[in-house]
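Below is one structure. I have some questions about it.
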Amino acid sequence: MSLGPYASFVVTSYTLVAAIVLVLIVWIAVDYRHQKARLRELESSGVTRRSGRQATDI
Amino acid sequence: MTLIDLANPTKFLALTARVLPWLTGATAILLLVGFYQAAMAPDDYQQGATVKIMFVHVPNAWLSMFVWGVMSIAALGTLVWRHPLADVAAKAAAPIGAAFTFLALVTGSLWGRPMWGTYWEWDARLTSVLILFLMYLGLMALWRAVEDPSRAARAAAVLTLVGAINLPIIKFSVDWWNTLHQPASVMRMGGPSLDRAFLIPLLVMAIGFSLLFVTLHLAAMRNEILRRRVRSLQMMQASQAA
Amino acid sequence: MTALAALIRRDIKIALRVGGGALIGVLFFLTVTVLMPFAIGPDLAVLTRLGPAILWLGALLASLLTLDRLFTADHEDGSLDLIVMGQTPLELACAAKALAHWLAAGVPLIVATPALGLLLNLDASATSAVALTLLVGTPALTFTGMIGAALAVTLHRGGLLLAVLVLPLSIPVLIFGVAASQAAITGPLSFGTPFSILCALSLVSLVIGPFAAAASLRHGLD
Amino acid sequence: MRLSGRQISCIRGGRGVFAGLDFEASSGDVLAVVGPNGSGKTSLLRLIAGLLVPAAGSVLLDGGEAERTLPEQAHYLGHRDALKPALSVRENLSFWRDFLGGAAGDAEQCLTAVGLGHATHLPAAYLSAGQRRRLSIARLLVVRRPVWLLDEPTSALDTAGHKLFVGIMREHLASGGIIVAATHTPLGIEARELRMGGPA
Amino acid sequence: MRLSGRQISCIRGGRGVFAGLDFEASSGDVLAVVGPNGSGKTSLLRLIAGLLVPAAGSVLLDGGEAERTLPEQAHYLGHRDALKPALSVRENLSFWRDFLGGAAGDAEQCLTAVGLGHATHLPAAYLSAGQRRRLSIARLLVVRRPVWLLDEPTSALDTAGHKLFVGIMREHLASGGIIVAATHTPLGIEARELRMGGPA
Amino acid sequence: MTALAALIRRDIKIALRVGGGALIGVLFFLTVTVLMPFAIGPDLAVLTRLGPAILWLGALLASLLTLDRLFTADHEDGSLDLIVMGQTPLELACAAKALAHWLAAGVPLIVATPALGLLLNLDASATSAVALTLLVGTPALTFTGMIGAALAVTLHRGGLLLAVLVLPLSIPVLIFGVAASQAAITGPLSFGTPFSILCALSLVSLVIGPFAAAASLRHGLD
């Protein structure tokens, strides 16, 4: 597959798209872990939800 | 599972936990297939290989508008129905929409350089997309700047609805004004005018990116619900300490 | 009617006595204009060509500068609570406040335009074209800016955040305002088209502004 | 006329302030809302005034003017006194008369009634705390509205001002008005208490 | 320590408020400034705090730290409570501790002392009127200054808060402090009265 | 020292929270810059020529938008009384407040300059020249603006004088700032002369600003 004289533009586009999507995915995953960790922390400090369920329960 | 059930964050989390793995798988497969087809697509007789940029540019451009549309509906949910998940949906969508808009801008510029000989031109289409991007950033700033999420939600909702005026402007700017940018060739009256060799990979990519959005959005909504739970637990902790 | 008239009268009275707002606006306008020749250099032709753009930019930024506290001042001293409780529909009250603001801060800008036109080497007809577009367009700036001012109450925030939220909304007004003035001065294009779009934008903002502002205020009080 | 609330809950800043509150007041009644700091007295008044939206429950006014909402028939007197320092005492009052009521009373006369007759031309910036409070009270007189929502109305008033204010309240009640007042000190008028619980 | 004023006159906005006023207070004294609205109680406190300049006469503090002026040795608690809504309760208090005193007390402890221990992380915007007042009072504790100038300090406080505050004042007096308080309601502590005349 | 540090920390904290963070400053600047081509037209050569002026105007506006309430906010909530009563000399406290304002509102703009330079088609050396002039010049904007902010407290009802005084004071700063940047980019003139005048203006304002502001505050309390 030859991309012609403008290969760099095509490659840059695809790389950038991949990079940004990756950043989004990583950010969301890290955020999820972070929130879970904080919930666990709160739970271990003895706070309970109004419903009586565990903080980290769904 | 009815809509009423979904209004309950806990039920929503349960649903998310069930569908997210499937969604992730489907997204990955579609994007891979789309990418393969895009790589295999023939060169355009005018644009050469640069036409391949289309397969990422167009889905991102569509999604940039679609996400604002989703946020507008969520905004109505906030203001009219005071739906508890509407705030969450709106907040979670903003960064993702901003990312898509950014990608549409950048891939467009990268396509513009070989096609028009310039990265950037102040024409109506490009400008209105840039305004969209700025408004996404403004919204994100707003969400971050206000500590009380329900307060922020109401302000953001008003702003989102006002900003929705920009959507038709983006869509029809190519028809209303003389621009460099190409007029609609897929979503237009009278069916697509694009060659099948380009159309199919484009549609696969578009569906793939849409699924990507749904997946990311659900995951981000889950994070946001958890974040709010943390916040309310912290408040309870503060008052229990009294 | 008396209610709205009273509100307009009060706001104008305060604006004139406290000064701040309107005068800062005009002075800022003046500063922008004075600065330009230094930036562009002594090339009079370029200056003339950019004249309308400079005036419009000045007007836009000046309105941004003064709109900021349109509602927050009333919020902080409790007036806003009473205004919301009044019989007057909040949308009308918002519109009245915006009108008062435009009279106190926008009109002075338009009045100052001829003087500034001289600085920018615009001839009489060009100046009057710019003044006309400003007359038609500045209400749109005020009425879209009002949305931001109302958001400032909801958000307990003002200043730059507000500017960031409002500016994108006012870009179209700027584009067509400048386009109409340009057309009147040099343009191959006709004055009519951009000017009527400008009028349309103003009308739209006259409707949307008060509604959006009222919605935001109603949901934002606490 | 009857003002009543049923099962009202209030959430502010994500935290519940009170829940399941009931109250009721008829023409000629004074309802004194009492309770420790932060128990939600001000929040309740603002709920009745329509300035906060209840998380649950509702407030009703029976027997008022049918085509006007409750907030439109109520005066709210809060901590923030809605005075513009740049305007004179008279201008401040006339504005609120025109904006709130239209026809109604004579500003000059109401100012005399609250003991500010000598200060009508002063800018509001020059008023002392008690004088500001008196000017706010004058607003209650200059436009007639049946429901008065008063948040610590007597704070900053001197003894004479307090007595004056009690007279004003009595007149309002005699003409069939309703008063809901949040307060920590005795109002100086027979009232039914609504006790709020909650944190200090 | 002895705080005294001799033949003080005060002119505000071009109008004389009071003239030829004398007063005096020693360590352990409470001076309650009373009088009708607009008689100049607040003005007197601001004169002592150095926030107004007397038209005649002077205020002196004998026996204080020699190298510090009277305002630098006084706390002023006014109607406006010097709180920033955007900062948390603790941040508000710590700022004033750092700005006014440097070394001094522990913010957390002072907040508990005024009954705000549970609210240290809330933004001050969320406080009720009485809670704001309690936070202002905490400022008196967090930096030690011998002279306290209090303008209607008990307004908005509930009964528990009032009692708490009386305790705080007693402690201050016991450690040799001086209190000058403008007030309309009894302070709940034995005090000498300074009566101001003048208009309502 | 702790007192001043505390004051600076507090003001920055409030600015970041209320203004919505340093990012908002950048975003604001970005918006203003993006605005320009709409008004002026997409002519890159003209844009480049106007670049420094645009950046400088953005800086002026950003500081005006927030400076105006530098002291009034503290006056209205009573903080100013306590600041005046503190042991810290009022001049130093004023300087600290101005410094905090500059850090929160001025520095983000300077940091953002390189990114904006790209949008305005400025090359690297031009961008760094502009950033340098901003670094040196924006404190002058803040410290002269501070005088007006203090007068606004004194004059209650005369924000008028504030407007009349402050903007003219900042015009020279603006002019030499733009002139220096221009000189660095295109100019037949040398960069050195206007730049050193700019430095001098900044130094003078650093001294005069706090003293004038403190004097005005001291006389203005009541």
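When the chains are written out, they are named A, B, C, D, E and F in that same order, and each has its own residue count from 1.
In the analysis below, contacts are C-beta pairs under 8 Å (C-beta built on N, C-alpha and C of every residue); 3 or more make two chains touch, one makes a residue touch a chain.
Because the structure is predicted, anything quoted here is derived from the model rather than measured.
The minimum number of touch steps linking chain B to chain C comes to 1. Using mean Cα coordinates as chain centres, the one most removed from chain F is D.
Annotation: the chain D:chain E pair of sequence copies touches via predominantly the same residues, more than half of the used numbers being shared. After Cα superposition, the angle needed to carry chain C onto chain F is 175 degrees, rounded to a multiple of 5. Just count the C-beta contacts per chain pair and the biggest one is C-F. Rounded to whole angstrom units, the spacing between the C-alpha centres of chain A and chain D is 51. Averaging C-alpha coordinates per chain places the centre of chain B 37 Å away from that of chain F. Chain D and chain E, compared by their mean Cα positions, are separated by 28 Å.
Rounded to whole angstrom, the centroid-to-centroid distance between chain B and chain E, based on C-alpha atoms, equals 56 Å. Residues of chain C in contact with at least two other chains: 17-18, 76, 156-157, 161, 164, 167-168, 171, 222. Across the assembly, chain D contributes 12-13, 79, 86, 199 as residues in contact with two or more other chains. Multi-chain contact residues of chain A (touching two or more other chains) are absent. Contact residues of chain B toward chain C in the complex are 79, 127, 131, 134-135, 137-138, 141-142, 145-146, 151-152, 154-155, 157-159, 161-163, 165-166, 169.
If you check the complex, the residues on chain B that touch chain D are 148-150, 231-232, 235, 239, 242.
Interface residues of chain D facing chain B in the complex, by the touch rule stated above, are 13-15, 199. Listing the residues of chain F that touch chain C in their complex gives 18-20, 24-25, 27-28, 31-32, 35-36, 38-41, 46, 49-50, 52-53, 56-57, 60-62, 64-66, 68, 76, 105, 152, 157-164, 167-168, 170-171, 174-175, 178-179, 182. Across the complex, chain C is touched by residues 12, 46, 49-52, 68, 71-72, 74, 76, 78-84, 86-87, 91, 94-96, 98-100, 102 of chain D.
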